[in-house]
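Next come two complexes built around chain A: one with chain B, the other with chain C.
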Partner chain A sequence: MASRTVAKDIITLRGSAAIVSEFFGYAANSVMFFYSILYNRGVYPEESFAKVKKYGLPMLLTQDEGVKSFITNLTAQLSEWLEAGKLQRVVMVIMSKATNEVLERWNFSIETDSHVFEKGVSREKSDREIMREIQAIMRQIASSITYLPCLDEPCVFDVLAYTDTDVAVPFTWIESDPKLIANPQMVKLHSFDTKIHKVDTLVSYKNDEWDEQ
Partner chain B sequence: MDPETEFLSSKRQTGNEWELFKENVRPLKRGRNVDLLNHALKARTNDQLKKSLLENRRRLIEAIDEYQGDDPLQPWLDCIKWVQEAFPPGGDFSGLVLIYEQCVRAFWHSDHYKDDLRYLKVWLEYAEHCSDAEVIYYFLDANDIGKTHSAYYIAYALHMESKSKMKAANDLLNLGISSNAQPIEKLRDAYKKFLARSMRRPNATEEELKEDDLPVRSFGTVLARGESQRQAIKTFELGRNKLKQDQVHRTPLSIYNDTNMDVTRGHHSKPNTGSNSWHTLGGRAERNKENNAMPAKWTSHKIPQRPVPRIVGAVASAQIEVFVDEECEEKPKVHDEKDRTSSLQLRELDGRNIKKETELLRENPLRNFPSNSLPR
Partner chain C sequence: MILRTPPPKKQRAEPILHESPSPQVASEGRLVIYEDNPLAAPPPESPHQPSDHLLCTYQCRQMVKADFIDALSNAEKQIRDYQSKLEILNENLSKAEVERKKFRDQFLYAEQELAAAKGREQMLHDQLLKEVNDSQERFKKQLETNNELKGKLQNELNLRKKAESSAASAEEKAADIEGKLTQFSQSIEREKKQLQNELSQLKGESKLSISRISADLERTEFRANCAEKESELLKEQLEDLKKQLNECLNQKSEVEKKMSSFTFQEVTSSESSILIKHLQEELRNYESEVREARKLKSSHEDIELLKAKLLEEKGRRERAESELSKLQEQQICLSNLEKELSLWKLIMKDIPGVSCPEDIPVKFATLQKEVIASTMKIGETNARLKQIEVGLDAAQLAKQNAEAEAALDKEKAEILKSEVKRIELMLSMVTEERNKLSNAINELKRHKNEEAGDEVASGTVVQELESSLAKKESCIKELERSLHEQKEINDRQHNEIKMLHDRLNNEARRIKSLDRETDRLRSEISLLESKLGHGDYSASNTKVLRMVNTLAVDNEAKQTIEALQTELQKTKEKLQALEELKSQSGDTGKLVDSYISEKITKLKEQIATLEKREERYKTVFADRISVFRRACCELFGYKNILGKNIELFS
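This part shows the complex of A and B:
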């Protein structure tokens, strides 16, 4: 019994990667930051999301099969890179459907503790504490409406992965330019930390000018 | 290094006031600068910061007056933007409505700005703050302002839709498309969404009778319905932008007041507070009183006079009332007469006057316009 409790709190690399992958919106039934962003920013209509409870927070899960499988596949790949310690950053890019102009970038920047990575184990941090940190970020995403420009045109999204250079590009991914915003406004959100991976979040958005269409 | 990587790797943090005080922040369609927002939120409890905000505003207003270049609209926009950032909750005390009004009035006759999108946007934002913006859209139409832009048709059509004038909304969007307003894709997309919404409407067949009337006064019935529809439309249209809190500012609830009924008879009887006033229909004489009562003088009711509208000359002569906190009040500056070539005046008023003037403008957005400019 004691060993079970202990095992729960010490995060192995595999466990940590699983949590951070969940962080990015993991398989089939649950939603994390990707869906939260897609829902809160209105990239897909409200009606296409269903409510699901996970980690004590009601979360939204898309019912659109195309989006669901797209995100499931890509997070499987992100998970793999994460476990191999090769993933540096994940960015969800929101663009205007009509013009492809980048309107928002949601940055998740990952720091792997390489010392821990070699050894495979780390200091203690409870699941609950990690979940609290994740929840804090989810709340910030929902509250970002206070400063983000309204996206009142149809938008599409893309996910960019920044990896080590020795990573081979898988079949379903392509090499891409970073799709940056010129002169962005930037807001740092909370970070979250599993003591193996540390994830910093940042959202950048276009300055909306009065003479913009 | 790109700015995001640089920011991520730096030790710099973004302040958290925006999240702590998010209930006090009115979302802006064009978004906000978070540093300015945090600063403004901090200023609410910090006199030093408050003083610096007021100083900023003074400078921006002076900049409007002193501007020499060929784009006099720009300093107005700087000022408007700044007021929006510095007063996150918006509201009647921010003076925002006053600035919108003075800005649009300063340039309504100017050919230079007829097709300027920025100028149109000021009008549209002004319209969003009024109880009934129809008179504004009429004005824009009559004066050919903003008609090359999709934003004009979209906003006007949305307004008509909120009043259930579906045919008018339909015609407007079509007109915009056939006029090739820009950007055309946005207009087409808005039209598609409009059609989808009108399919879902319960009374798809009923048509309004008074399509081309001037705004009709309503006493609580039409307005209540229109507001809930506008809420439904805007919530859908603008996604997560929770404009519901904005609705509270925008459209005051009008409350039907029945007490005038007795005045026509010259009575001074108290309004019927009896418990059975709603339970009995009353006799025929009682029911027909509106048709049978003899007209009489309204001796017990006084209607306050409207102030005479100021005449606006060819030169922009705007008066800006500046909100000044009691603790920051200063003696009015003494101006050298020869330096004042423009007629821009600074009047220091307290918050109450700003609120009063804002309320008057909400009800009658064109009240300060010269009568020859108003649509017939």
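This part shows the complex of A and C:
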């Protein structure tokens, strides 16, 4: 967070983009660990996660090199798009490995303050408050095990980015369909706001057959 | 009456003294005029009557006469008084009769008015009853209409629910079919595009490969020619070198000879021979090393050529493998597409009215139109329902108003009934009083004949009549006033009720419209929130990008990179060994022969020039290949980024 001063908690566009992209990385790790706890399928086993302290909470980060590089590349690209003000939404999609059916969507909607982006002004907000808000979201992601339906099959994840149409598509990204769920159940989680970027979190999941009955 | 027959005298003084105050007494006192009538001797009436009558004198007679006259005058006076009194009484009686007549007329008038009021009350009562009956009938009719409306509303609601459910199911089906169609069409188009792109890519690549192969052929031919020329040059150089070497050897032998001849005293022959042998051996070694260096250089060049060929072949192999994998994937996709096509054909068979894929958009358009029509119908039914609800509310309000009015009318009827009862009571009272008056009048008539002491009673009766009539008039006036006031109050209340009713209706309509707007806004908000959470987006503002899962690809790249890195290390080691050899050969050559070192330096210079040429070729190749890659990127939209692989060529 090189562009923030310690004395006044001033946040610039670059600093806010770094906070938000870091949050995505840790949130993705939380979601993956959550599934690894549930399934323990060996794709990302529980042992491959290491405990670190972040946002005042014990966070678990994967040690798999491939996943690490994937997430670092992802967060780097997201940070770039956030600084350019081109990113509208980030979606982490959980799909069945066998049928490619979308089972869950972790939706992170982003609202950018266009005034900051156009004029280059900075905002004031204390780090502690932002961390507290992110902490609440992480706790909710961890506690979502209580209401999300059980998935009894191996799953894979993918990451979608909703951007403006004038964004140049990087080499490692391709255009895709939104991978929607038909008649989903939705649960809205907390949001956090850096005064420049506001991130709303929502998880939508496929209706469980037992619930429908 | 004066009796002509005088009573006995003795008796005359006593009865006269006793009977003189009253004329009746006088008439019974029998004043007898003294007449000497010896003949008419009175019968001895009483033994005690003295015969004193003969003693009565003229005075007595005059006294009696005077008394009689006084009595007469008194009686006359009394008569006159009585006559005057009688006249007065007659006058009073006439007056009373006149007043009685007047009161009787007034009484009759009051009776008529009472009858009229009664008639009006009866009419009002009848009217009220009629109104109550009418309101009750209206109320019943409204209840019936309400019940009918409720039944209609129920029917409409049921129809609406059915229509909504059918519309929802149709919409869902249509949406599902739409989504599936769009997905499939998108996927088909994407795959088509991909296949077309791949086809074009393959074509281009094949062309490129052909051109590359031809270029490679030319290059190899050129290289071969160059290599031949170089080899010829090298051969010539080698021959020159050999000649020079021979010359050097000859010179060396001569020098050795000279040295042996000149330096024989200083160095023993064995040592010189040993030195010479050593030098010869070293020369041989150097020659062998030079040969090995040449061989190594040629082999290095061969290796580089082979490596380049190997890389090309590897690239071709990778491309072929990727194309094979792509082929397999595309075969799988084709099989999936065929399955989907068969599924869609089966679905098409299920869909009525669709025989070929071209009918699907038409059918879809018809379904959309049907959906639109059904939504319009739903909207219309909703509007009708709303109207019916509004009408029902209005009817309920009217019903409530009618109930209130009926209650008010009932209250009024009860009040009027009470008033009627009161008036009847008053009427009964009035009739009683009238009867009393009639009785009093009859009594007056009776007493009029008798003319004594009846005037007071008639006056009281007349006063009673007057008071009762006045009371009745006042009651009637009060009744009329109260009726009028009640009418005014009723009219005012009616008007207020109507105004309030209108205001209530307007407010109820406003409330309904506001409720409808809030429902619409809530539905829109929920729709938007669901769309937001669902992940919908507008294609004009947003595009969805997916990060390619490079985890699998990276592993292969890592393996190739590791293999190339090992080869690079091996070549580096070999180069280091060569350089060490070169440096060693350079160090030891100084001791032996400067000419050889010069040759070696010349060879090194040649090697340097060759290397420079090679580098130049490489830079030219890099420039040409970058232009080629840029052209490919612009043409096909794909570009390869080589990071670590570039180091292999340096």
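A few remarks follow.
Following the convention adopted for this analysis, the second predicted complex is superposed on the first by the 181 of 213 C-alpha atoms of A that agree within 3 Å, B and C clash if a C-alpha of one lies under 4 Å from a C-alpha of the other, contacts with A are read in each partner's own complex, and residues count from 1 in each chain.
The rule is short, and it goes like this: contacts are C-beta pairs under 8 Å (C-beta built on N, C-alpha and C of every residue); 3 or more make two chains touch, one makes a residue touch a chain.
Computed from a predicted structure; not experimentally measured.
In the superposition on chain A, contact is made by A:S204 with both chain B and chain C. Of the two partner chains placed by superposition, chain B and chain C are both touched by A:R105. Contacts of A:L180 after superposition: both chain B and chain C are touched. By the document's definition of touching, neither partner reaches A:R132: not chain B, not chain C. Once the two complexes are overlaid on the shared chain, A:Q140 sits against chain B while remaining clear of chain C. Within the superposed three-chain model, A:C150 lies in touch with chain B and out of touch with chain C [touch as defined at top].
Comparing which residues of chain A touch chain B with which touch chain C, the overlap comprises 105, 107, 109, 178, 180, 184, 186, 188, 202, 204. Contact residues of chain B toward chain A in the complex are 2-4, 7-8, 12-14, 18-19, 22, 25, 27-34, 37, 77, 81, 88, 116-118, 121, 149-151, 182-183, 185-186, 189, 237-242.
By the touch criterion stated above, chain A contacts chain C in their complex at residues 66-67, 69-70, 73-74, 77, 88-89, 91, 105, 107, 109, 158-165, 167, 169, 171-182, 184, 186, 188, 202, 204. Across the interface of their complex, chain B is touched by residues 39-42, 46, 98, 105, 107, 109, 139-140, 143, 145-154, 178, 180, 183-189, 200, 202, 204-213 of chain A. Within the complex, the chain C residues that touch chain A are 176, 179, 183, 186-187, 530, 532-537, 539-551, 554-555, 639, 641.
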